[in-house]
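You will see two complexes here that share chain A, one where it goes with chain B and one where it goes with chain C.
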Partner chain A sequence: MTKDECKQVVLTIIADIAPDEDLSNVKPDVRLRDQLQLDSMDFLDIVMELRKRHGIEVPEADYMQLASLDSCAEYLTPKFNALAGKQ
Partner chain B sequence: MSGLAAGIRLAHFGKKVCIFERHNAVGGLNSFYSIAGRKYDVGLHAMTNYVRPGVKGTPLTKLLRQLRIDREEFALCEQKQSRVAFGPRGETSLRFTNDFAVFESEVARTFPAQIDGFRKLVQLIRSYDDVSLDAKPESARTVVRLHLTDPLLEDMLFCPVMYYGSAQEHDMEFGQFVIMFKALFLEGFARPFEGVRVILRVLQEKYRQAGGERRMKCGVRQIVSRGDKVDRLVLDSGEEITATHVLSSIGAPETFGLCASGGQIGSEKPGAQPGLRHSPGRHSFVETITVLNRQPAALGWGDDTIVFFNDSSRFDYACPTAPVDPRSGVICIPNNFDYGPDHVLPEGIFRVTCLADPAHWFGLPEADYRAEKARWFGTIHTSARRFLPPSDPAAFAAATVATDMFTPRTITKFTGHLNGAIYGAPVKVRDGRTPFSNLYLCGTDQGFLGIVGAMLSGISMANYHVLTR
Partner chain C sequence: MKPSRIVITGVGLTAPNGNTLAEFRANLLAGKAGVERMEIRYMGSQLAGVCHYDPLKYQKKKEVRVGTRAGSISIYCAREALADSGVNFEALPKDRVGIYIGCTEHGNVETENEIYNISKFNYDTKFWSHYHNPRTVANNPAGEASLNLGTTGPAYTIGAACAAGNLGLIHATQMLRLGEVDFAICGGVSESIHTFGIFAGFKSQNALATHEDPLKASRPFDLARNGIVVSEGGALYTLERLEDAQARGAKIYAEIAGYHVNSDASDYVLPNPVRQTECIRSALGRAGLRPADIHIVNTHATATPLGDIQECEAIRAVFGENCPDTHINNTKSYIGHCMGAAGALELAGNLPSFEDLTVHPTINVDNLDPKCDLPGLVLNQPRKAAKVDTILNNSFGMLGINSTLIVRRFVP
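Coming up: the complex of A and B.
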């Protein structure tokens, strides 16, 4: 998986969690919280959907790694690839 | 409703969930029933917390996101206008709509000396963190009096807020006041054209799609514990069920009533919440429902959606000394939501809710019970009509095609809530914890109020106690 594909995975999840948000212009280097109205319940859902859909575990200590799309990609891409390697 | 919301969250994230419901209909305190082919809503006068599409970060938006519900599915239609009407003939009246500016201007016009204090109070309410699970309790009357000096305005704010959610008499906890003030005034009222069953239908369908199981007419008779954990549930049929987690939406005293020895088991342990020892609320309600063969507008009642009324010098929200206290109450006319030009409810509906003393209604033999209902029905209507535009009582009587009335006894019979206490125990358990490490409360005794609150309560408790563990 590439980092761009990883960002798309996260955006797809956000689109399902918050269908009332406009995701067409999300800037990858800006905190998601600063450009979208996402609260802690929504971030928890991103983590739980990652686990449900993709088997990716994000421990609570790492939640801040999901701050922006860029940091999501940095943090999650290796996890996706490690998981793919195991299969 | 809180149980369904919790169930949707848990099932969506892969938990194996089963909901046990003693009644044959879902919804608990927000449900519906049929008599002679007519469907009647219970609980729902209006869905509070309404915000228009695009407004984010409010309870309604959170709930829609958390349950993956598209707001179109609820098909909410806004109220026309509501009022708080005080005085023997409703002489002082504050109108409000889903646009808060209307209410603010009404307060400014009627209470010019109070408007600065009112604005400061509203500012405090807007900034108050009402979803905190560990806020320290303070008296709402005390906080409101720091800002308002006119007892009439104070009571006119407390009347709707208390009628729509206070389990406590005379006063309420400020956090609860804030939740209700936002829900009623800063947000607003709406209703699906077909009433509460639309909301229940959506919830049931989400729950089913997520893989949740449900068993109707299947009550829980006992909660059996071992040490500090719930070991199993015993159903009415005698069947035993084990589970890693148990969420109870039946109320705090009701839940503890089911715990093994039937008493307050475990609540004396260190760390146990004192609130769990509290009894259910003392006051309950009666409600009259009148079905009319014409729209209420034809009787001159086409404007008001909800009217909160009080005829006395002070608003007395307490268990009455008489069976019913007709001095104050709530009128609801479900026809007066804006359903759009092509949607008119087939019949007129007129509902009036008043405070009632549960003890009186529970003690009556069946024949007397019916007679008392008939007697109070008339008294309640006579009282309520003073707060609506004048209309001919004979025309109202001629238009009436069906009536029904519920009492505290009806509420307990169908929902199991002790004392018919719709709003549960006066002391809430905000974090939902019980002395048992795997038993949690959701719904009315957890303390998020109203229909939206009920659903958010189930969501929060499922998230907090099960999904994030």
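Coming up: the complex of A and C.
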């Protein structure tokens, strides 16, 4: 999985948990909370959907890694690829 | 000190056969029921009263996703009631607005959904939603309404089984009289069709209606009645002290005339006609009315073989003689049993009688059960009444809770 593909996975999840938001111009280097109406429960949703849909675990200590699309991609792409490698 | 006069100034509702009072009333007079087939988890196709309001009229998609059906129904009904009341809501002090919503139950739907959800993950509870607790707390429907409306006064639910709709109005009346709030949004809601447990429970009690024609399935007082049609719905009212309503020139639907709530203390599920009679008589006494002064009695009857007979026994004891102007009807025959919303919705369906002097009938009575043959029963066709100045609304529930609410035509 590339980092761009990883960002798309995260955006797909955000589209479901924040269905009122316009995601067409999300800036990858800006904190998601600074450009979208997302609260702490929504971030827990992102964590839950990564777990449910992709088998990815994000420990609480790493939640800050989900701050922006860029940081999501940095943090999650290796996890996705590690998981793909196991399969 | 004489208690404040409390009046109804707005109505918002969603019923299986209408999403406004006008639509609901038109269908009650036209004999149009609103029961359909619905897939129920683990149980297949069942009969249910389903509401078809547009949640997105007042909620964002995210609110609908995160919240509960009962919360959504509450928001819809509250917003509709506020719009109907004509109140300048922006100008109301939000800390003086109370929200009091009756519920038969809450949390079953959301808990069943989560158990079903984790069943897909080998019952691993790490897949259990972090929204479970805010969705299942007992105050959820009222809390969601307060979040949506931005009110900061008291907002909570009243658990009173199927008497809850009446209890919402009664409690709001009390809070207005106590001066706890200056404006109340109150009534009852139900999301019960989304929990298989309600259906399965009634089925195990042999109390779940079956019929090849869904529209004929809910048939109180008919000899062939065979149980309850479970429904969802909501009806919320705006209540105000008379002087406040008059000061803003509000339209007044009715005045709260009297009420009573009591308990059977006799059985978990079986009604008790003696206590029901006491409840009706006490409400009459508190309203300062005689039985003959009541022009419409809206029955609770749910179409269970025994329950209908027992309520008729109670009504006969009070209204059986010398009540020539008392008309008796039932609304569940159209919409099934809306549980916590039932009492509030059934009152709403009768309120327009003050204006049109017409009593909506109870439908689906092909063969009247002789044990339910009450004088004044309005069967299958609407009836013109010489006068409609009072409506008495019965709502009873499990664990033996009885409620009677009486409203009267507003006369300054």
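Heads up, the rule we're going with is that the second predicted complex is superposed on the first by the 87 of 87 C-alpha atoms of A that agree within 3 Å, B and C clash if a C-alpha of one lies under 4 Å from a C-alpha of the other, contacts with A are read in each partner's own complex, and residues count from 1 in each chain.
Note that in this section a residue touches a chain if its C-beta (ideal position, glycine included) is under 8 Å from a C-beta of that chain, and two chains touch if they have at least 3 such contacts.
Here the structure is a predicted model, which means the values were calculated and not measured.
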{"item": "Chain B versus chain C as contact partner of A:70, first or second or both or neither", "value": "neither"}
{"item": "Residues of chain A at both interfaces, chain B in one complex, chain C in the other", "value": "17-20, 37, 41, 44-45, 48, 52"}
{"item": "Chain A - residues contacting chain C, complex", "value": "17-20, 37, 41, 44-45, 48, 51-52"}
{"item": "Complex contact set, residues of chain A against chain B", "value": "16-20, 37, 39, 41-42, 44-45, 48, 52"}
{"item": "Chain C residues within the chain A interface of the complex", "value": "60-62, 65-66, 121, 126-127, 129-131"}
{"item": "Chain B to chain A touching residues, read off their complex", "value": "12-14, 53-54, 56-57, 61-62, 64-66, 68, 70-71, 459, 463, 467-468"}
